[in-house]
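In the two assemblies presented below, chain A is common to both, partnered first by chain B and then by chain C.
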Partner chain A sequence: MTSAVLDRSAARGTRPRRRPGRTALRLAPLAPAVALMLVFLAGPVLWSFYGSLTNQALTGYRAAAPEFVGLDNYTALLADDGFWKAVVLTVVFVGASAVIGQNVLGMALALLLRATSKPLRATVSTLVVVAWVLPEIVAAFALYAFFSTDGTLNQVLGWFGLEGPTWLISVPMLAVVLANIWRGTAFSMMVYGAALSEVPPDVTEAAAIDGATGPQRFFRITLPMIRRSISTNLMLTTLQTLAVFTLIWVMTGGGPGTDSSTLPVLAYQEAFKFAQVGYGTAIATVTLLVGAVFSLVYIRVLKPEVD
Partner chain B sequence: MTALSVPPADVTGGSPTAATRRPRRERHLPSVAAPRRRTGRVLVAAALVLIGLTFLVPLAWIVLASLDPAATVSVKVPESLTLDNFTQILTWETTFRPLWNSTLISGGTAVLTVLASVLAAYPLSRYQMRFRKPFLYTILFGTCLPITAMMVPVYALFVYLGMLDSVPGTIFFLAATSLPMAIWMTKNFMDSVPVSLEEAAWVDGAGSMTALMRVVVPLMRPGIAVVFIFVFTQAWGNFFVPFVLLFSPDNQPAAVAIYSFFGTYGTVAYGRLAAFSILYSVPVLVLYLLVQRFSGGSFAMSGAVKG
Partner chain C sequence: MRRQTFAASSGLLVLALGLTACGSGGGSEQDASTITVAYQKTAQFVQLDDLLQKAKTEYEAANEGMTVDLVPIEAEQDQYFTKLALMNGSPDTAPDVIYEDTFQIRSDAAAGYLQPIDEYVEAWEDWDQFPENARQAGLGDDGKVYGVSMGTDTRGIYYNKDLFAQAGLPTDWQPETWDDILDAARTIKTELPDVTPLNVYSGKAAGEATTMQGFEMLLYGTEDTLYDADTQKWVTGSQGFVDSLAFLDTIYSEGLAPSLDIALDAAVGARVATEMLPQGKLAMAVDGSWLPGGWITGDNAWPEWEETMGMAAMPTQNGQEPGFTSMSGGWTLSVGAHAGDPQAAFDFIATALNRENSLKYDTENSQIAVRTDVAEDPEYLGYNPSFEFFSSLVEHTHFRPATPDYSQISSNIQVAAEAMATGQSTPEEAAAAYDDGLLSIVGEDATQAAG
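Moving on to the complex of A and B:
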């Protein structure tokens, strides 16, 4: 009751007298969420920065009593060809599967689905969405089977007299990129489907009357009108793909060797396969920083929504 | 990183332009453009059928292999249908315990997250506070961070806290990682509940917490259901977090149990693997359909991204 009265006086323009403790009382409901996020979200982030400055090992003496080694892990990281290889693979993975693959295929699907009959639209969009709703590890197994040497893909290629490569061994990156497109296109398709349905048809119709061709209407009118959805979607798919672990881990295990180890996979391998927790943490920290930069850009894009 | 929200499956549907208007126009105007448009439609349908098939085949493998007594990695119609794959795995150790653990972990995570985010969303939605905006920006930033990249430092932190192989610890961590998105969604849902109803409750002498529980929460029940299912599904499908944090079979959820299926036996029993995949996937598919029901399409999207 008191707070309502105070709020009303605030609306009238008279400054309410601040009662001590009122703000604290109002903030109390935030406490459980803030406590959880401080311990289990901010905690690991800070731990990540700290741990990357130690030589912690997985087992043995250095697991219990890690030494502070300063920036040693980072200097080792920068001199490590394996790390740079993982950086390149991560850029390839994110660029090819998310930025190009999911976005282009998602947009194409959204456009095609608008121009077809209802049964076909419902069937295809359901299939694409099921691939996305399935638990990630199930999707990974299905794709592992699909790309296996004796798997479905090579079987189909065999019908056309082609001999497919041993996908997961000779071209592991191509396999995981295609797999991630299969897995994640639904999200882009839905975002673009929603965006396209909000473009008023009279604008494109007016352009058509003025003699604009189909591609002209799409690139000059539709695309600029939904550019906010495009930038949002690009950022979100990039951030999601940057964090992909399960798909790659199940399909190739990062291998052969480290030929498909993106940064999250490499961090895991260093920490749990080679028992260098400090070094793995440094890789995780770098990935986190890359993600943080992308997040900041994304928040700038979304800024008007908070204000 | 999480998928942003649970957007509707058939977002492209419902626009009258594609499906209904066009055939009628063709009937009225037997113009020279008609045959070209028909070829266009055939091409669109052909492209969609092709894309649909590439999405269908890996999914079909799961279903067909689960019914095949001699399943391999390639998709084929079984020579004889059998339910043996299912009956063989329906034991406490193989199937029911992992599924029960999954239920416990995902349910615990979802309950904890929803409670904390409803409480946290209330002051964020209702009061003008100095640090509301910085807090919301931090939350938004938290939704973007590539959490899986952090699993190595999380492991190190859990060693320090002595919480390895603890189900409550895993629940706390999963809840903390889903909180930013859950708070964001809940706040947007809560914003759409008019304040005037609470003012009535305040006049009647209710405190802010009573107003929240008796007035606001009942009014945003569908929104809460969407957040609950969203968090539950994320936790259910999460493989990497329990894979790193839980190692005794007594605690492992289905996502990890399925992986041991694949790794530990000499030859992989693909039929049983596929059967287990189906049992494990059905709950999230059902929940996804439920969200569609609850949210009636674009509502879910608006909760997360607000337009």
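Moving on to the complex of A and C:
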């Protein structure tokens, strides 16, 4: 990469050779920002990684004098069935609620809203955005009230003579997935709405004149043209969903048992319920890695910068 | 890519700055003229708040220039411990006086959250009123005093006499074995299908209630125990452990227990005490001696409880000697390790737990009094008709092995109990998982196989 750049500038022979002092001078104004980033972004990450190498506890002797235990927390984690279950639940939660639910529904809403009248568009988008505007804790309580056994959903079902299940107990994952879709779809809808309005109408019109059907125009023209927005949106919703804690904690507490314990919930439980802060931090670090893997996949698969 | 990285990192930066801003604000400095008191308060547990408000007024009147800053933590028990541990994590936020469960004392003393108060209690004229067992409750691993006992408690079975009569069961009921309890529960289920027959706490969210009011009430009625006090080792692979879990498994799988949306909720204790028992929706509940405190006065007063509720001792598994079992705990007031003026903090405790205030708290919160002068006071004895019964359980009672590791081990017991409620594993599997968890907490050397 570097050599290629050098070769090219050498071949052109136009760019003057950079003096090292000047580069340093030019970068100097950035130093405070870089220092801030390092302290407040890299700092916590490194600190959490260090914490995951200790047996720090919330109470007892190990709270006063934690020991360095190397990779013990990670080996214990890999041997723990509960951890693997949490990994699977996290992937299911992210896949179903963010990648499929929020993205597909958001895209569908954005497309449909383009084709409707203005009052309807305003009404629908306001309703959808309300879920996004609510603070997470308020949304979580609202959804708890909606899905709980004597909650809104089961009462409405009762009007039709149907007896709903105990959503939060018998199908906890379905409940939290639906809840997260409800809460997050507005974001995808807005991103896609903006992206779609940027697609030049003449391109699609030209395709229509050439005889492309509606679905063909969508899949072969529109989607490739908004690929960058899709990639950005997928990454943001994935990372957001990966970090969802309040919603699940309020609705199911990760239960029943561990049936809806995703990685953040598990990390919280290990650190603050079982008082094993070091072990909980190890789970948090793994969650960070999972997020990084997702991001890399999106960047590689969707290649947002290549036209 | 660069644009996205920028957007993502600037977002994170804003977040990080926001968080640090939260961190630097607030936090009481260790001002020697202010005593910060951290304690628990919930919708149905206001008696302590009443007590401390009264003590605050009295202390401030007696000590010119001193301020008592009451910091109620509005949380159920489990979250209370977490919040307390986090407050204690920094000297800036650590409280001076802490409402502390006796099982946490050794753990929190080891963690350096509390400071010994030996020199202060010895100079306190009232200390003679605290008998040996009450003093024991406040000792740390190092044998020093870390807390002053506020009262103790016992546990038994509450049963609704009206429901028992409707189901054709005796109203002066006293089960002799676990099977007697199950038989009564099955009868209730058949005769009164709308009533939940029996509550035994089994959810992780209920925290220590699940361990103590639930599981340990069963386990200490078997041939086995959690911890061998003679060898100072934790017991693994005991039949009693499996049998206790099997009892929970039975009541949940046969539908004799509350539905899971109630049983696994953090507020299950409040619902049992303020809704299910008073409204006649629950026939039997294994619970603590403090329940009548909330029925006698307060927002959830239920004057009919005296005629309605019967109380029975918890039988041993097969009726073996000594026939009955119970568990005792209790809470203390302790001085935080970072207290600006420990003498002042202790003086506040001495005010809050003097004779008059102890009497107020022990009666209103239905505690078994530990101060000799309160326990013998006719006003105390006559206040609550359940005192006589619950005090009689003291002879069968057990104390938790409150080593510094206990709270973590207790969490593992809650996991096993919840696995019974949800049916996610068999009693044998859950007991094996508990043994694994135990080994990882205390290590191989601190355990012994049941024999």
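As a convention for this text, the second predicted complex is superposed on the first by the 247 of 307 C-alpha atoms of A that agree within 3 Å, B and C clash if a C-alpha of one lies under 4 Å from a C-alpha of the other, contacts with A are read in each partner's own complex, and residues count from 1 in each chain.
Going forward, a contact is a pair of C-beta atoms (placed from the backbone, for glycine too) under 8 Å apart; a residue touches a chain by one contact, two chains touch by 3 or more.
Because the structure is a prediction, the values reported are computed rather than measured.
Of the two partner chains, neither chain B nor chain C is touched by A:V99.
Contact with chain C, but none with chain B, is seen for A:L168 once the two complexes are overlaid on the shared chain. Shared-chain residue A:I299: touches chain B and chain C both. By the document's definition of touching, both partners, chain B and chain C, reach A:M37. In the superposed model, A:T126 lies in contact with chain B only, and not with chain C. Once chain A of one complex is fitted onto chain A of the other, the partner contacts of A:F274 are limited to chain C, with no touch recorded for chain B. Looking at the shared chain after the overlay, A:S148 reaches both chain B and chain C.
In the superposed model, A:G193 lies in contact with chain B only, and not with chain C. Of the two partner chains placed around the shared chain by superposition, chain B and chain C are both touched by A:T232. Of the residues of chain A, those at positions 36-37, 40-41, 44, 63, 148, 232, 235-236, 239, 272, 299, 305 touch chain B in one of the two structures and chain C in the other.
Across the complex, chain C is touched by residues 36-37, 40-41, 44, 57-61, 63-64, 76, 148-149, 166, 168-169, 232, 235-236, 239, 253, 255-259, 272-276, 299, 304-305 of chain A. By the touch criterion stated above, chain C contacts chain A in their complex at residues 1, 4, 7-9, 12-13, 16-17, 20, 78, 81-82, 85-86, 104, 107-108, 110-113, 203-205, 259-261, 264, 266, 404-405, 407-408, 411-412, 418-419, 421-422, 424, 440.
Of all residues in chain A, only 1, 3-4, 23, 26-27, 29-30, 32-34, 36-37, 39-41, 43-45, 47-48, 51-52, 56, 63, 105, 109-110, 112-118, 120-139, 141-146, 148, 150-152, 154-156, 182, 187, 190-191, 193-194, 196-197, 201, 232, 235-236, 239-240, 242-246, 249-250, 263-264, 267-268, 270-272, 277, 280-281, 283-285, 287-288, 290-292, 294-296, 298-299, 302, 305-307 touch chain B in the complex they form.
Interface of chain B with chain A (complex): residues 1-4, 7-15, 17-19, 40-41, 44-45, 47-49, 51-52, 54-59, 61-62, 65, 72-75, 112, 115-117, 119-120, 122-124, 127, 129, 133, 136-137, 140-142, 144-157, 159-160, 172-173, 175-177, 179-180, 183, 199, 202-203, 205, 208-209, 212, 233, 236-240, 244, 255, 258-259, 262, 270, 273-274, 277, 280-281, 284-285, 288, 298, 301, 305-307.
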